[in-house]
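Chain nomenclature is as follows: A, B and C, assigned in order of appearance, with residue numbering initiated at 1 for each chain independently.
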Amino acid sequence: MLKILVCVKQVPDVNLVKIDPVTGSLIRAGVPAILNPLDGNALEAAVRTKEKYGGAVTVITMGPDQAAEALRECLAAGADRAVLLSDRAFANADTLATSYVIVTAAKLLGEYDLIFCGKESLDGATGQMASQLAERFDASQLSSVRTVLEVDEKERTVTAERELAGGIETAQAQLPCLMTVEKTNYRPRIPNLKSWKASRTAEIEKYTSDTIPGLDRAQIGDPGSPTKVPRTYPPEKGPGGEMIREGSAAKDAEKLFALIADRL
Amino acid sequence: MNKTDYKDMWVYIEHDGGKVLPVSLELCCEARKLCDAAGEKLCAVIVGELHRSEIEKVMDCGVEKLIRVSGTGYERFSVDAYTELFTRLCRKYKPSAVLVGGTIDGRDFAPRFACRLPTGCTSDATQLVYDPKTGDIEFIEPAVGGKMMAVITVPFVRPQVGTIRPGTFKYQPAGPRPCELIEERIDFPVEKIRTKVLDFLPDEEDESLNIADAEYIVCVGNGLKGADALGRYRELAALLGGKLGCTRPVFDRGVLPYKLVIGQSGVVVKPKVYIAFGVSGAVNHVTGITDSDVIVAVNRDPEAAIFGYCSYGIVGDMDEVCDAMIAQLKGRA
Amino acid sequence: MASYNRLSPAAAEKLRAVVGEGRFQYGDAVREEYSHDEMPIYGRYLPEAVCLAESTEEVSAILKICHEENVPVTVRGAGTGLVGGCVPVAGGVVLSTMRMNRILSYDMNNLVVHTQPGVRLCDLAADALAHGLMYPPDPGEKTATVGGNVSTNAGGMRAVKYGVTRDYVLAMTVVLPDGRIMKLGKTVCKTSSGYSLLHLMIGSEGTLGVITELTLKLVPKPRMDVSLILPFRDIATAIASVPAIKLANLDPQSIEFMERDIVDSSAAFTGNAVFPTVVNGREAGAYILVTLVGEGEAELTAKMDRLGEVAEKAGAYDTLVVWTDGLKKDVWAARSAFLTVIEAETKLLDEMDVVVPVDRIAEFLVYTHDEAERQGVYVRSFGHAGDGNLHIYCCSNDLEEDEFKRRVKKLMDACYAKCTEFEGQVSGEHSIGHAKKEYLRESVGDTAYGLMGAIKQVFDPKGILNPGKVCHDWEGGALDA
């Protein structure tokens, strides 16, 4: 019986985020929060592994209360248990502080043979969380996994194919192992009515900084984050090029190819 | 922690098949500038055997210290061995910064040793600026899909760890400097490596997916209506004798494979002519095209950021303009 | 039979003066795209000139000139039609509405939008949503113009709940063939005031007048929606579930069907394999896609429960819930891409857009597949199961074009006859154009067809508007030099 953990994140749908042309700040209002797309692939890999070998999938996230919706999506798609870590004290955390909270809480709930993560988040996109979670779980680490080939519970190993730059590597790692999952082979399933309905009323276990025993407050939220963001600004506009305005696409194309004739 | 106890900026020299990866040299060149600004020394860290000629390439970037590590456990990259190695090296030598190429391996182990130390780690900066007032490096990186630039610093702890994508900085060696050589012997017990490679199957060569050296590139962005609209862009690329590429969101939509993604998280290209259709011009993407000779942008939105970076711009429906270009080229043939 | 003049250089200069150099194409400058729509199998006909009008007044001036000169005028929107409706078979002038692309204003008290006809459907739909409203008609071709939608009385996916484009047109400005400007309809929802010229204009395919402004009815945006995929063994069992779904009092927004092979083609082509092909260990042969709307989750859940029961009884392999926005987008994008997928993978293509009673859909499809096999062409089909509107594409990648046409003619003759036998309609939403005229005549009978011709004669005595379409005869006689 495999004990599987999936770490997920709810993110704003970055493609819909706009920038206020006057202030240059992000307009978040009306932008839907979604399950980080690559986390859906990680969950699918976890659920398929569970279905093959038996076991249970716990899904965990840190975020505001609304992040429960992302957890319900995971429950509908095959997770067995959902844990939400939500507290104002967790806010403004970088990956180091976030991984600390998640791993501290997850360890309280049990031990894990396999931990699955998405490759990176849509919003932060640092891709650092998986490595730091693996470090804190003291787990071996396989990134860019496109197929989980075999889990050997007796030998305590997992064998997987990794999608690397020049080809496919087959690698074996000792359990516990943390894997980041490519989307190639793990399109998230569409839940059926029964599991969807169950997910809507299922219990979401919630923990705060007060209910995670032994949590070191110096390591959470802003105080626990060694990286800071002193400022943000809109990307500079480039110097701009020559605009071609000949009145029709055909004439524009003609003008363009005349202009770049020496390059063709 | 006293920040002033930490000195020297390190670059991890990643090598594969006896060759130093270009990204490591790019980082040496960029870190050289930071060191000049900060009055610190540039230190290269080489793990394992490397031929003299390759080491000279590294030295040519103005390296003033070279740490050469030997020992068991490093023949092949493993997160376990390299995490422990860099943790120990950092504790011993106290560098102010460690820069690591944003390769698959680099992105695996750099955040992990940063966590073990512990210290702050950043990824994918497109600019590095030394701030003399604070003594910190500003890691400036695109955020929220490139819609914002975020300045990231590690103000209270050291070292400042950063992974940087290949192609972000230019390889412009500043020339060799007097260099101190430090030999380190640190063994990592081979039995403590928890991963092993069983097999490697190289990708079948699909030339259409190799866009890094293409002379002409037609790139489709998120303005693309759907995969069904792709045919004309392939046709235009073929007529130009070039290749089709895309932006990250097009890959995210499942329309084109990852190998065709141009930009910071994909391929950096330098064609003679690069034509962007329906590309918004997010920094992440623009980073990957700035070395093109000619950039042509086609977008419905006259305010699209891509027009800021182009040589020539056309405001219009991308499909319509593409068809017109095809007609033009066919008319000439 | 009508005969026309060629556009003289002098007349061309008059037209140029109306719209200006940048919006006028004449002679060699006329672009090839104006010679066909998305079904080039019906022939290519290049116009003598193209005018991109920007206002009612310009349209009026253009028509006045052409009327005097006896030169045909064919109105064109985005050119996404499938029956040659916007193709200038008799030459003359193409009058493009693509520059009349402004949404003019919203009346939030009366829930209407005033718009120019060249606005693309996708732009209108998105803009309405941004106002908290919904424009219910939802044809698959989102880049078509609303003017084109009105001219064909387009239906689309949501027709089963909301009706078709006709039901959302309250008023319009029309320019008659001689240039007179006329307003039809009012911004009210009832009328018992004489013959409805408004409704004559709707679906008239640009043969009676040119629509230059529209007042369209909107509805409040439903609070919540969910789509459900019901996979079935085959198309017959899938379609057999539809009457039960309609009877379950769910008021679905759409009930679509799709056969497995089009789903496979779409997945292969777009790389977006969103429809599961193996469900609970069984291969799906066909799918029903249902969208439900409601005011809250409780209401939707109750409806989904009922749908789930109906689906199970009808033999669905499962009831899959498309709940998240991302998934909805993927599913509906795959559905909307079907036609373009077919166009991309097919060399020779022809289509039928018949409507049959819902309980005859499966029978009709089986008949079509059998006939197609006999003729040696293959068929891809999908469509609106909720209203019996089927999109059937006849395809070939290896026949010569003439041979393909010959065989498809036989196939279509048989299918349209079957459709008539089933008390169906020739076209649900793609219209007649010049491609389906004969089938229309056979379907409605000579008396009705003759009355249509008589109406055309009243509006357009010289027959200059979109000659050779719907019920107007013009068989390529020599143009007067």
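Criterion: a contact is a pair of C-beta atoms (placed from the backbone, for glycine too) under 8 Å apart; a residue touches a chain by one contact, two chains touch by 3 or more.
Just so we're clear, the structure is a prediction, and the values are computed from it rather than from any experiment.
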Based on Cα centres, what is the most central chain?
-> A
If you tally contacting C-beta pairs, which pair wins, A-C or B-C?
-> A-C
Whole-Å distance, C-alpha centre of chain A to that of chain B, is 21
Between chain A and chain C, centroid-to-centroid distance (C-alpha), Å = 41
Where the centres are mean C-alpha positions, what is the separation of chain B from chain C, in Å?
-> 48
Touching two or more other chains - residues of chain A = 37, 248, 250
Multi-chain contacts in chain C, i.e. residues touching at least two other chains, fall at none
On chain B, where are the residues touching two or more other chains?
-> 254, 323, 327
Complex contacts: residues of chain B adjacent to chain A | 79-80, 83, 103-104, 107-112, 114-116, 118-124, 142-157, 194-203, 222, 240, 249, 252, 254, 265, 272-273, 281-283, 286, 293-297, 305, 307-317, 320-321, 323-325, 327-329, 332
Chain C to chain B touching residues, read off their complex | 32-33, 143, 269-272, 333, 336-337, 340-341, 343-344
How about chain B: which of its residues touch chain C in the complex?
-> 225-229, 231, 253-256, 323, 327
Listed in rising order, chain C residues that touch chain A in their complex are 21-22, 25, 31, 228-229, 273-274, 276, 297, 301, 304-305, 308, 318-327
Could you pull out which chain A residues touch chain C in their complex?
-> 13, 32, 34-35, 37, 73, 76, 187, 189-193, 196-197, 200, 247-248, 250
